[in-house]
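Order as written gives the chain letters A, B, C and D; numbering starts at 1 within each chain.
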Amino acid sequence: MIKIGVVGYGYWGPNVARNFHSCAGAQLTTISDISDKRLAVAQSLYPFIKATKDHMELIRSKDVDVVAVVTPVMRHYEIAREALLAGKHIFVEKPFTTTSDQARELIELADKMGLKIMVDHTFLFTGAVRKMKEIIESGALGRLLFYDSVRVNLGLFQHDVNVIWDLAPHDLSIMDYLIALKPHSVSARGTVHFQNDIEDIAYLTAEFPDHGFIANFHVNWLSPVKIRKTIISGDKKMLVWDDLDADEKIKIYDRGVEFKATNGSGSNGIHNLLVSYRSGDVYIPKIDNIEALRAEADYFVKCLETGEEPFNNGQAGLQVVRILEAANESIRDGGQTVTL
Amino acid sequence: MIKIGVVGYGYWGPNVARNFHSCAGAQLTTISDISDKRLAVAQSLYPFIKATKDHMELIRSKDVDVVAVVTPVMRHYEIAREALLAGKHIFVEKPFTTTSDQARELIELADKMGLKIMVDHTFLFTGAVRKMKEIIESGALGRLLFYDSVRVNLGLFQHDVNVIWDLAPHDLSIMDYLIALKPHSVSARGTVHFQNDIEDIAYLTAEFPDHGFIANFHVNWLSPVKIRKTIISGDKKMLVWDDLDADEKIKIYDRGVEFKATNGSGSNGIHNLLVSYRSGDVYIPKIDNIEALRAEADYFVKCLETGEEPFNNGQAGLQVVRILEAANESIRDGGQTVTL
Amino acid sequence: MIKIGVVGYGYWGPNVARNFHSCAGAQLTTISDISDKRLAVAQSLYPFIKATKDHMELIRSKDVDVVAVVTPVMRHYEIAREALLAGKHIFVEKPFTTTSDQARELIELADKMGLKIMVDHTFLFTGAVRKMKEIIESGALGRLLFYDSVRVNLGLFQHDVNVIWDLAPHDLSIMDYLIALKPHSVSARGTVHFQNDIEDIAYLTAEFPDHGFIANFHVNWLSPVKIRKTIISGDKKMLVWDDLDADEKIKIYDRGVEFKATNGSGSNGIHNLLVSYRSGDVYIPKIDNIEALRAEADYFVKCLETGEEPFNNGQAGLQVVRILEAANESIRDGGQTVTL
Amino acid sequence: MIKIGVVGYGYWGPNVARNFHSCAGAQLTTISDISDKRLAVAQSLYPFIKATKDHMELIRSKDVDVVAVVTPVMRHYEIAREALLAGKHIFVEKPFTTTSDQARELIELADKMGLKIMVDHTFLFTGAVRKMKEIIESGALGRLLFYDSVRVNLGLFQHDVNVIWDLAPHDLSIMDYLIALKPHSVSARGTVHFQNDIEDIAYLTAEFPDHGFIANFHVNWLSPVKIRKTIISGDKKMLVWDDLDADEKIKIYDRGVEFKATNGSGSNGIHNLLVSYRSGDVYIPKIDNIEALRAEADYFVKCLETGEEPFNNGQAGLQVVRILEAANESIRDGGQTVTL
């Protein structure tokens, strides 16, 4: 039985606690938070746990094998480091850390201590992302052409991180999971309207060394309409994921691009079009209705039991942080390309 | 009666000819094209016109007051210049020219000769764009926050210009018409998949000297789905234009951003959120069903009769070409910011 | 403090219990159910209540002022009658009873005993229905032309009532609440595919004595797609309610029908069209996000405190049952019109 | 070369003339209309034809093999009869005739004379209807459960026929073409708001002798929104046709109904649910982009050349008229079931 301690019982912590609590192989033993009120709520829901305001007490407890770090991002590194030093596995909220150096240090430390890191990229455990993974790995899309993601809506302003650090970790972790290609550089443009130095609109572009593949991310807190849409085009098939569509989240278009041989030339003395496109059926796969966070908790417990390395490990967390960090650098630098 | 000659009777020329033909104050007199077959079609539809393979014959004709230049873009400058030198007003297909220097030269020449230029930014004459102009000019949106435009679909590859020069002139001319703010710099990222040096996907960002306003344009020939959507957010109201929606093209959201005074601080020692948002009704104005090109032809005839300067004149055409030119420069230069 | 007892803790009972529990003026005191397991769940959530398998114990309890009857419909009458006889107010799940005679008897009994009946037509307390009520009462729609309701999807088969008794009570209670007109007759067609004598598809038409107003209801358990759409047309404005649209539930169309005077006659010797239509803007009002059942519970408590008669009283429940009863009669009789 | 004469050059006649004119095996020779102005338009488009105000001259002409009857419906029978008596094949606008007796008489007459009748059910030649025919004939849907059709929008009031005769012929001819089942009775409810005795809203139900299959048609000139949607459910798969969706007209849902064996009984002493449903992928077939009327004209020419009996012959026209006639009878009779 793997014993779980949760540090941070604010917005997301209760979900983490509840899902680990319901894992067959895990036991929720300890919760810490700086708020007495929130601790009281936790204690009433889980009368058997130890509730403490001192996260170091939790970290040092013999009743804790895994420390789930569900605090604001600026405290991830410090708490995670203490936990690793105390010999505990860690489950860390996304984004993993505020700098890639911190992420690398935690990865090395975990490695040295023989401990595991899971970064909570919850979306990777949804039915939709799993289905896309299956489709893309099958090769059905052919050569990938581009990845375009839009995640915008009104509100939910954060006051400690900008819109990129708030929204893009979802999409960056998903892209990293779905496709094998890795970006070599990043650029970003963002703009500030309301809060000092906190971008509320941003566009992030990742460039790849592969045949013109490009990825673009639009994240925005000031859009009147909510959009959560990703297009992934290949030269054989193309895919659209609309996360707001209750029934038809993923559509696979049997559309692609073809070369057509032509003879002669057009009326303007220019060679006729060589590129054409093809349009066929559309297919909407059934998506399994999974509670993503529950599946992720089960998976971490399984990894700890079997020694399997989680795919959403520290490296996966680092990859996202590297791009976020480069995006911030690019924005501060007027949109310069930042090599990863 | 203003006499019209049309140079180029390929894809768009027949529409230009037909619409000027149906203007009360205009008379279609001459059509030139390099194809015998297309000229024969024109002659059969308009038995009374002069059809010629020699555009210089058209330009020199006493039966022509206005030369409509509806050829591929690389020939616009040369033909427009000859027409102005021959004392003819010009109506030029978009984009106006292939360089801003050419555009400036034509503007100066027309000025010197006392002739008028209209650049065919047809979209400005649609009911939807006129309605948005009316709304934005009324100040209803408040302080503008961002402009985001997506114009993507599969196919319609061009072989002489890239996707920016093909699709963005629509959106750049619309933005220039709708909002008073003028960009001071442009950057763009694009990528090539199929044809040498011809980008088929591009993202273009325009930055403005005004309080964080930003504009972004996604143009793409490789998207499985057709999207023609523009979001224009203000701090009082926000607008979405979906040009593919037959009945509800423009939605005005009574949504905006507000500052809320707060006392004290959050649990992390950080000041509480100061920014909030407001969400109210949505309003879908009726859009007049106008044939845009017909309205534009009427307007040009009126301008010629009254001496009024068209709003879509050479300067408007130049403004679009400057941004296109800067976008190309930025793409070639790895996404560098190009000052306008 | 009004003391509440809930009979039936299956699918809907827990919601009724929870919402009365959270009313300021009410106190949940007793729950009865025939299942030990369900009672144990109730007891654990509300440790202070009396849980009993004997609903008569609940009805007779001095700790109960209101009996909420949340059992299958065939038991409503019997339990409600016992409750009234025991001097308790009743809150009864929809449909009120299985026959209109039962409904009338309960209304009379409550009247005689000075007790109140509320029938749980929850939809009447949603933001969308309240907003439609406001619009229609303002007279904005003009003379009403028709009411068309579609409530279909796959599954959720009931085994004790047909699709009309399962789904139509929602729509019949909503129509009765929204419009002042009352039907004088009903006809229905239905068909059985899978379960003996239990219609799974039905069409119900209500006819009115007023100028051609007609109402139609399509209820269906065998539709591949879920539709919850109501159209209410007037000659001045028209309204569409799409309950599945998260953001734009109600659209009000400034469309209507007009008479146009014409002179002369058409080419076929027939008088020209006298009727025309008008099409203007569309308006999407903001809908308040209310928890309907909570608002209903509050309202019943208020009615009990002040003596106000609830609008969703026994008479409102009877009106729905009369139409359901007539619909069943019509179906059994091959679609005959049944006068109400 | 089959010589075509067109009687009636109003709204639809020009389309019929144009499409027969472009058939390889046909020659448009004669057009008649009661309007001089319309005849002049026809003559200018087709300078080689005979244009006449006297349809009997057309019918008697040796230059006419086929008479296309494109007049208001009340004149179909008379003109078609004259044409058959004169030895001409006929192509008749829908609905075929105003009574089933007329239709039967024309069928017999054509039979006796060895002539062919085609009724212009244009929709049967669209890509969407052909695709549905293919799917349904393959048996993919399994046992058919219901057919539900909605064809509503604002306006386009007719002054000589009611909304059933105006709109339902489309749907009735499509249903007759798509499914093998034949209705044994019809009932309808309709209502009049503006024009004497001309229903502007109607609901039509067709009942079948087969296992509970039912068909319903909602036709309406007073709906603020345009809907053209048909649901055809089978117990294996289900199909939705949305004719207004430009890209995704037909969706095939891998959904169906299943029996589940159960043991024991539910908590209310009632046997547990035996019926369940299954939900899988959705498939959107590519629809060929066919000009339907052109395909129909080609098909009639082919039938005349080869002697093949058209599937949209007089019998198909009669089947639609029988249902329309029965629907009118039912409406006049308060919704009584009318046996076919």
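Note that in this section a contact is a pair of C-beta atoms (placed from the backbone, for glycine too) under 8 Å apart; a residue touches a chain by one contact, two chains touch by 3 or more.
Note that the coordinates shown come from a computational prediction; the quantities given were computed from them, not determined experimentally.
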| item | value |
| --- | --- |
| Furthest chain, CA centroid comparison against chain C | B |
| More contacts between chains, C-D or A-D | C-D |
| Length of the line joining the C-alpha centres of chain B and chain D, rounded to whole Å | 44 |
| Intercentroid distance (Cα basis), chain D paired with chain A, Å | 53 |
| Chain centre separation (chain C, chain D; CA means) in Å | 38 |
| Contacts with 2+ other chains: residues of chain A | 225, 279 |
| Touch list for chain D against partner chain C, complex | 10, 34-35, 72, 145-146, 148, 154-155, 157, 159-160, 187, 189, 191-195, 201, 203, 205, 207, 211-214, 216, 218, 220, 222-225, 231, 233, 235, 238-240, 253, 255, 257, 259, 267-268, 270-277, 279, 334-337 |
| Chain D to chain A touching residues, read off their complex | 248, 251, 254, 279-286 |
